[in-house]
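Encoded as C-alpha cells, here's the structure I'll be asking about.
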Amino acid sequence: MAGRLNAQALLAVAAVVLIAAAPLMAQWVKVLLTIALAKGLAVLGIMILLRAGQVSFGHAMFYAASAYAGAFVGRWTGGGELFVLIGAGLAVSLALGLAIGVFVVRYRYIFFAMLNLAFSMVLFSILEKFFHVTGGSDGMRIARPTVLGMELERAPFEYVMFYLTLGLVVGLAWGVRRYLASPLGQALAAVKSNETRLEYLGMSARHALLVGYVLSAGLAGLGGVLASITQGLATPEIAYWVRSGEFVFIAILGGAGTVAGAFAGAVVYEGVRSYAAAYFADIWQMVLGAVLLAIILFAPGGLVGLAERLTGRRLRGGSADPAVAADQARVGER
Amino acid sequence: MSRFSRILSVAAVGLAAAAPLALAPPALAQDAPEGAPEELVIGITAFLSGPASVFGEPAQAAADMLIEELNAAGGVAGVPLRALYVDEGAGGEHVLSEYRRLVQEEGVDAMFASISSGNCNQVAPLAEDLQMLNIMWDCGTQRIFEEADYRYVFRTQAHATPEMLATVLYLLRTKPDFQTIAVVNQDYAWGRDSWNIFLTALQALKPDVEVVAELFPAFGSPDYSAEISRLSALRPDVVLSTAWGGDLDTFVLQSAQRGLMDISTFVLPLAESSLERLGTDLPEGVIVGGRGDHYFLHPEKVGDADYDAFVAAFREQTGAFPIYPVFHVAQALSALEGAYLGAIEANGGAWPDREQVVDAMAGLTFAGLGREVMIREDNQGLEDQLVGTTVHDDAYDFAVLDNMMIFDAEDVTTPVGAESVSWLSTLGPEMLELEVDSFSHTGP
Amino acid sequence: MSQPLLETRDLQIQFGGVVAASGVNLDVIEGETLAIIGPNGAGKTTFLNLCTGYIKPSAGRVTFRGADITARSPRAITRLGIARAFQIPQLFAEHTVLENLLLAAAVRDRVWNPFRRLATLPARGEMLALLDLVGAGDLADQPVEVLPEGRRKLVDIAIALALKPRLLLLDEPTSGVASAEKFQIMDILANALARERVTAVFVEHDMEVVRRYASRVAVWNTGKITHSGPPDEVLSDPDVRRDVIGL
Amino acid sequence: MTWQLAFLATLDGLAYAALVFMVAVGLTLIFGVLRILNVAHGSFYAIGAYLAASLGIAIAAGGLSPWLTFPALILAAVLVGTILGTLIERALLRYVYLKEDVLQLLVTFAVFMILEDVQRLVWGVNPYFEAVPLRLLGNISLGGIFYTNYQILVLPAVALLILVGLRLFLRTTLAGKLITAVTEDREMATAIGVDTGRVYLITFVIGATLAALGGALASPTTSLVPGMGADMIVLSFAVVATAGLGQVEGAALAALLIGLGRSFAVYLMPELEVLVPYLVMALVLLVRPEGLFGVAQRRRI
C-alpha cells in the first residue's frame, strides 16, 4: 500500500516538474501546454461522469459558456482582472451545470449523452445566431486582463497563465481524487453498477449524479475560461459537438476513470493533434481516428493502463480495473 | 523580367528539375546580398480541410507554383523561398498554436494569415505581440484596421466594405428601379457582416428600398427549399447572397431549378469562385463579384503573355481556372518580394532585418496577377473591384461575365481612420456618378 | 395495545389484466419473523415491491409505524427504517464487500464531506464486525463480482443490516443456494436479527426453512392472504398443504 | 401566416422530413438491434451521396441515358451499405459488442473521423453536384410556386415506401422477425438459438444502406461538401431520441415534426430554424423521457 502510494506520488511529482520545466526549454509549448492542461480539466469533468457510467457529448457547452462569461466580463470592465474573469466563468458554468444537471440527471446512457449534446447544440446555435451580442462565428476577443492589478506583457502573461493553470490542475486533481474516494464520489460508481440498490440504501442516485455533474460542469468551465483567456478569444466553435466528442476521446485515451489519465491524455492528445496536423495536414483526422481505435481495441486502459503494463505497477486506486469490471458487468447484464 | 514568363518552362521541366534546384543554387540566381539567410521561410494559413478548402486548396496550389517559379528564377534577391502550411480547417485554436510554433520554433520570416476573418481577428494581435510580419492575404473582415493600429500586420487585398459597396453601386447602375430586396446569407460572421455593410450602403444611396426577407440559414445547410418557397411567394426584385462554396452552389442550384432566378435578379458577390463549378446552372443576368479585380478573363490582363501563361499552367496543374484566392495569394507573395527588395535597397544592398522589411511594406505598390495594389498608411491594401453580369458563351461550359465594371479602390474603400458602417451611411448620390472602367465580354 | 409495525390495507394491483394483489391486509408485529409462502408467480415479490414503494398500488394503503408510506419512494421508505434484501443480490459490482457495506453506512450516517475517505469512515469497525457476524469477515477486501451466489446473498443481507433498519424485508433469502448452505444462511440471519433486534418478513419456498425460522407464517394465494398463524398450524392446514405446498 | 403559406411550409417540411427519416431510420434500426449509436452513420450518408454523384457523372461521361441516374442512386446506396457496412461490422464492431456503451460509441466516432478524411482523399474538397435526376423530372406548380417533382413527389414517396417496406419486412420475413426478436429481447433470442452475429451484420448493412440511400437521394438536390455528414448525424440523433430508440414508425413521426418545425420556422421565426430539432427533442424528452414511442426500462429485482 505504502509502496504503491509512493510510486504514484513520485510519478505525479515527476510529471508536474517535467511539465513545469517544459516552457523553459521550448517557448512555444507554453501556450500549447496551457491549453492542453485546461482541456485536461474539462476531461477531468468527463471522467467524473464516466465513473457513474455516463458520458456527456455536450460538455463543450460549459467550456464555451464559461469562456463567453469571461469574455463578457472582460468587455464590460474594459479588459478586466484575470481572477474576476476566471471567477465569472466558473460561476456561470456551475450555475448552468446546475440548471441543466437538474434536468439531465433523470436520464441515463444514450439519452443522457444525447440530451447533453442537444443542449450544447442549442448553446452553439445561440452563440452563432445572436451575432450582435456574441460576435457570431468570429467570436469575442478577450483582451489581456490585468493580473492582481498589474498590466503584463504577452510573455509574462503567458507564464502566469501557464503556471496558474498548472497549479489549478495539481490542486484540482488532488481534490477530485479525494472526492472520488469519498462516499459521494464512490456513490457515482454505485450509480453505474446498481442504481436500484443505491435507492434502497436511502440515497438518491440523481442527487449523487447531480453533484458529480455540477462539479464536472465547473471543471469544464474552468478549463474553458483558462484556455480562452490564454488564446485571447472565445468562439462558438468551442461549443460544437465535435469538441465535446474530443473531451470524451481524451478521457478514453488517457484511461477512463483515472485522474492522471485525464491530463496525460490531454497533453498527449494536443501533441499528437498538433504534429498530425503539421505533418499529415491532409489526414490528421484519420490519424487521430486510428489512434482512438487502437486504444479502444488494444489498450482499453488508455495511457494509464499502458504505463501500468510497462511498469508492472497499479497506478490507480479503486478496487478493480474499471474497464474489465465494466465488461464483466455487461456480460452479466446480457 | 517578370517571374510569370518563366512559369511555363518550369512546368515543362517539371519535378525532375525541382529536386536539384533544392540542392544547388540555380544558375540564374544572382548573388545573394550580404548577411542573407540560406532561405526565406514563410508560414501560410489556409483551409486545407472543411468547406472553405474550396479556397485554400487552389491557393495552396498557386502558392506552390509561384514559389517554385520564383525560386527557379533565383528566389528573393538570390534567397530561395519555402512555404509551410497550417490548416485553418483544424480550428482556430490549432491555427494559433501552430502560428506560435512556426514563429517561435521554425523561425519563419513572415506569416500569411489567413482566409477566415475569425482567424485574422485572432492572429493580428498575436502577430503584433510576436513582432511578426503578418500579411492578411485573404480575409474579408473590415474591422481589424478600423479598431486598432498595427505595425506588423498588413492586408494585401481589399475587405468587405469595398467589395459590398462596389456591388451596391453596380446594382444601382444596372438595375436602378428595383424596389424590393431579400437576403439569404450564411449564418456566420461573414454572412451577417456583409449584409450589414451592403444594407447600410444601399439604404444610404436608395432610401426607399424595401427589405422583404432576411434569411440566415445555417452554415452548410443542405437544403434551402423553405427559403426558396418563401422567396417565390414574396417575389422580391433582387435576391442577395454573399454565400460561397457548397452553400452558394446548393442555393443557386435549387433556386435555378425552381424558377426563382427567373423571378428575381440574383446578386452574388462571391460567385466568381463558383462560376466553373456551377456550369450552366448559373443562368444569364446574375450579378457576380470577384472580391477584388479577380476573374480569370480579366479584361485588362487577358492577352498578356505572362497572365495567359499562368492561367494555362494553373489549369494544367489543377484542372480548374484560377479563382480569387489564387490571385490573393499571388498578391501576398508579390508584396513580400517587393518589401524585401525595397528593404535591401534601403539597406544599401545588405540583407534587411525584420523591422526594415516591415518599414518597406508601408506605402508599397505591387501587382499580383491583376491590377496594382497599394498599401495605405493604415496598412490596408487598396484593391480595385470588378463586378459583372453573367452571360453564356459557347466557348465555355459555364457562365462568364459581361458588362464588367472595375471600381477604383480609392472611391469605394473606407477612408483611413473611418469606421466602415458609419462612413457608408454618409454616402450621397455623388457615389452613383463615379467614373468606372467598363468592359464587355469578348470571346476567347 | 401496541400498534403493528407495518400495516397494509386493501392493497390492489394488476399488471396487464393479471391481478397480483386484490385486497391484501397484512400486519407485521414488532419483533416477529414473518414468513410469506405461496405458489410460484403468486405475487409475493410484488408485495415486497408494494411495501417499499418500488411499485404503487392501484388502491389500498401501506402504513409504517403509523405513517402512510403508500406514495413514497423506495429511498424515503428506506430512510424511515425499512431495509430490503433481494432474491437476486443487488450489489455494487465495482466495489469490494467492505466498500458495499461502507457505502450503506455512509448513506445511513449521511457522511457527505467530499474530503472524507470512504475507506476510513468511523463506521469501518462496525461494518467489519457486521461482516464477522454474517460469517463473511474473510471476504472484506474481495470484489463482490467474484463471490459465489451463497456469499453474495449474505453480503446482500449484510448491506440491508448495515442500515440498522427497524424492519427487514427479505425476498427468498435461500433461493439459488445449495440445500446445505440454506440453513447456514438462515442461522446467520436469525442470529443477526436477534442481536440487532430487527423485525423481519421473508418470502420463502422451502417449507423446512419456514418451519424452523419463522415465528409466524402468512399464505399468499391468488392475490390475497388466505391463512396466517404459527408455522406448525398453518403448514399442517390441509388447504395450504394442497394449494401451496403441493402435497 | 396565411393558409397558402402554411401549405407551402408543409410541402417544404415534407421533402426535408423524407430525407431525414431515411437516415434516421437506419440509425434507429441499428440501435435497436446492436445497441450501438452509430456516429459513422453520417459518413454513410455522405459517401452514399458522393458515390451517387460520381456514378451520375460517369453516366453522363459515358453518353448513357440520363434516366440511368435513377437506378444509379440505388446502386450507390447498396454498394456503400454492403461494402462499407460489412467491412465496419465484421472488422470492427463485432469486437466491441461486449464493451461499454461509451467505447462502442467512440469506436464509431473514430470510424467517422477516418471516413471524413477518406472522403476528402477520394472526392477532394470541391463541392460536387449532379442534379440530373432533379432536372429530368421537371417542376410542378403548387399554390403559384414552382416545386421540383423530385423533391415534392419522389422523396416523400420513397420515404413512405421505406416505412411500409420496413414494416412488412420486419413483420413477415424470417430475417425481419429475427431482427424484431433481437430488438425486443436479446437474451431470449440468443437462448432460442438465433444467430445474433448474422442478425447484427444484416441489420447493420440495412441501416448503412438506408443512410447511404438518404445521401444518394439527397445528392441531386444539394452540393456535396466535406463535413456534410457531421451535421446530418446530429440531426438524425435528435430524430431518433425524439422518437424513442429503436422505433421505426416513431422515427417517421419525429422526422416529420422536425421537418415541419423547421420549414414553419423559416416563415415565422427564421432565427429559430437551426434550433428547431433540438427544441423539439428537449421538449419531447421533458414530457416523455423515453421519447415519443420509447419503452421505459426497469431493472428486475
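Going by the order they are written in, the chains are A, B, C and D; count residues from 1 in each one.
Keep this in mind: a contact is a pair of C-beta atoms (placed from the backbone, for glycine too) under 8 Å apart; a residue touches a chain by one contact, two chains touch by 3 or more.
Keep in mind the model is a prediction, meaning the values are calculated, not measured.
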Study note, to complete from the structure: By C-beta contact count, A-B versus A-D, the higher one is A-D
Review point. Most remote chain relative to chain C, going by C-alpha centroids?
Key: B
Check your understanding: Approximately how many whole Å separate the CA-defined centres of chain C and chain D?
Key -> 49
Check your understanding: From the C-alpha centre of chain A to that of chain D, how far is it in Å?
Key -> 32
Study note, to complete from the structure: Distance between the CA centroids of chain A and chain B (whole Å) is 39
Check your understanding: So what's the Cα centroid distance for chain B and chain D, whole Å?
Key -> 38
Study note, to complete from the structure: Contacts with two or more other chains occur in chain D at residues 117, 120, 271, 274, 301
Check your understanding: What residues in chain A touch two or more of the other chains?
Key -> 125, 128-129, 196, 282, 284-285, 326
Study note, to complete from the structure: In chain B, the residues touching two or more other chains are 48-49, 187, 216, 218
Review point. Which of the residues in chain A end up touching chain B in this complex?
Key: 26-28, 31-32, 35, 125, 128-129, 131, 135-139, 141, 154, 227, 231-233, 235, 237-238, 270, 273-274, 277-278, 281-282, 284-285
Point to revise | Complex contacts: residues of chain B adjacent to chain A | key: 48-49, 85-87, 90-94, 96-98, 100-101, 103-105, 117-118, 121-122, 125-126, 129-130, 141, 187-190, 192, 216, 218-219
Check your understanding: Which of the residues in chain A end up touching chain C in this complex?
Key -> 175, 178-179, 181-187, 189-190, 192-194, 196-204, 318-320, 322, 325-326, 328-329, 332
Point to revise | Residues of chain D defined as touching chain B within the complex | key: 4-5, 8-9, 11-13, 15-16, 19, 117, 120, 124-127, 129, 131, 134-135, 139, 143-148, 151, 218, 221-228, 231-232, 262-263, 266-267, 270-271, 273-274
Study note, to complete from the structure: Listed in rising order, chain B residues that touch chain D in their complex are 48-51, 53-54, 56-57, 187, 213-218, 220, 222-223, 225-227, 229-230, 232-233, 245-247, 249-250, 253-254, 257-260, 277, 281, 320
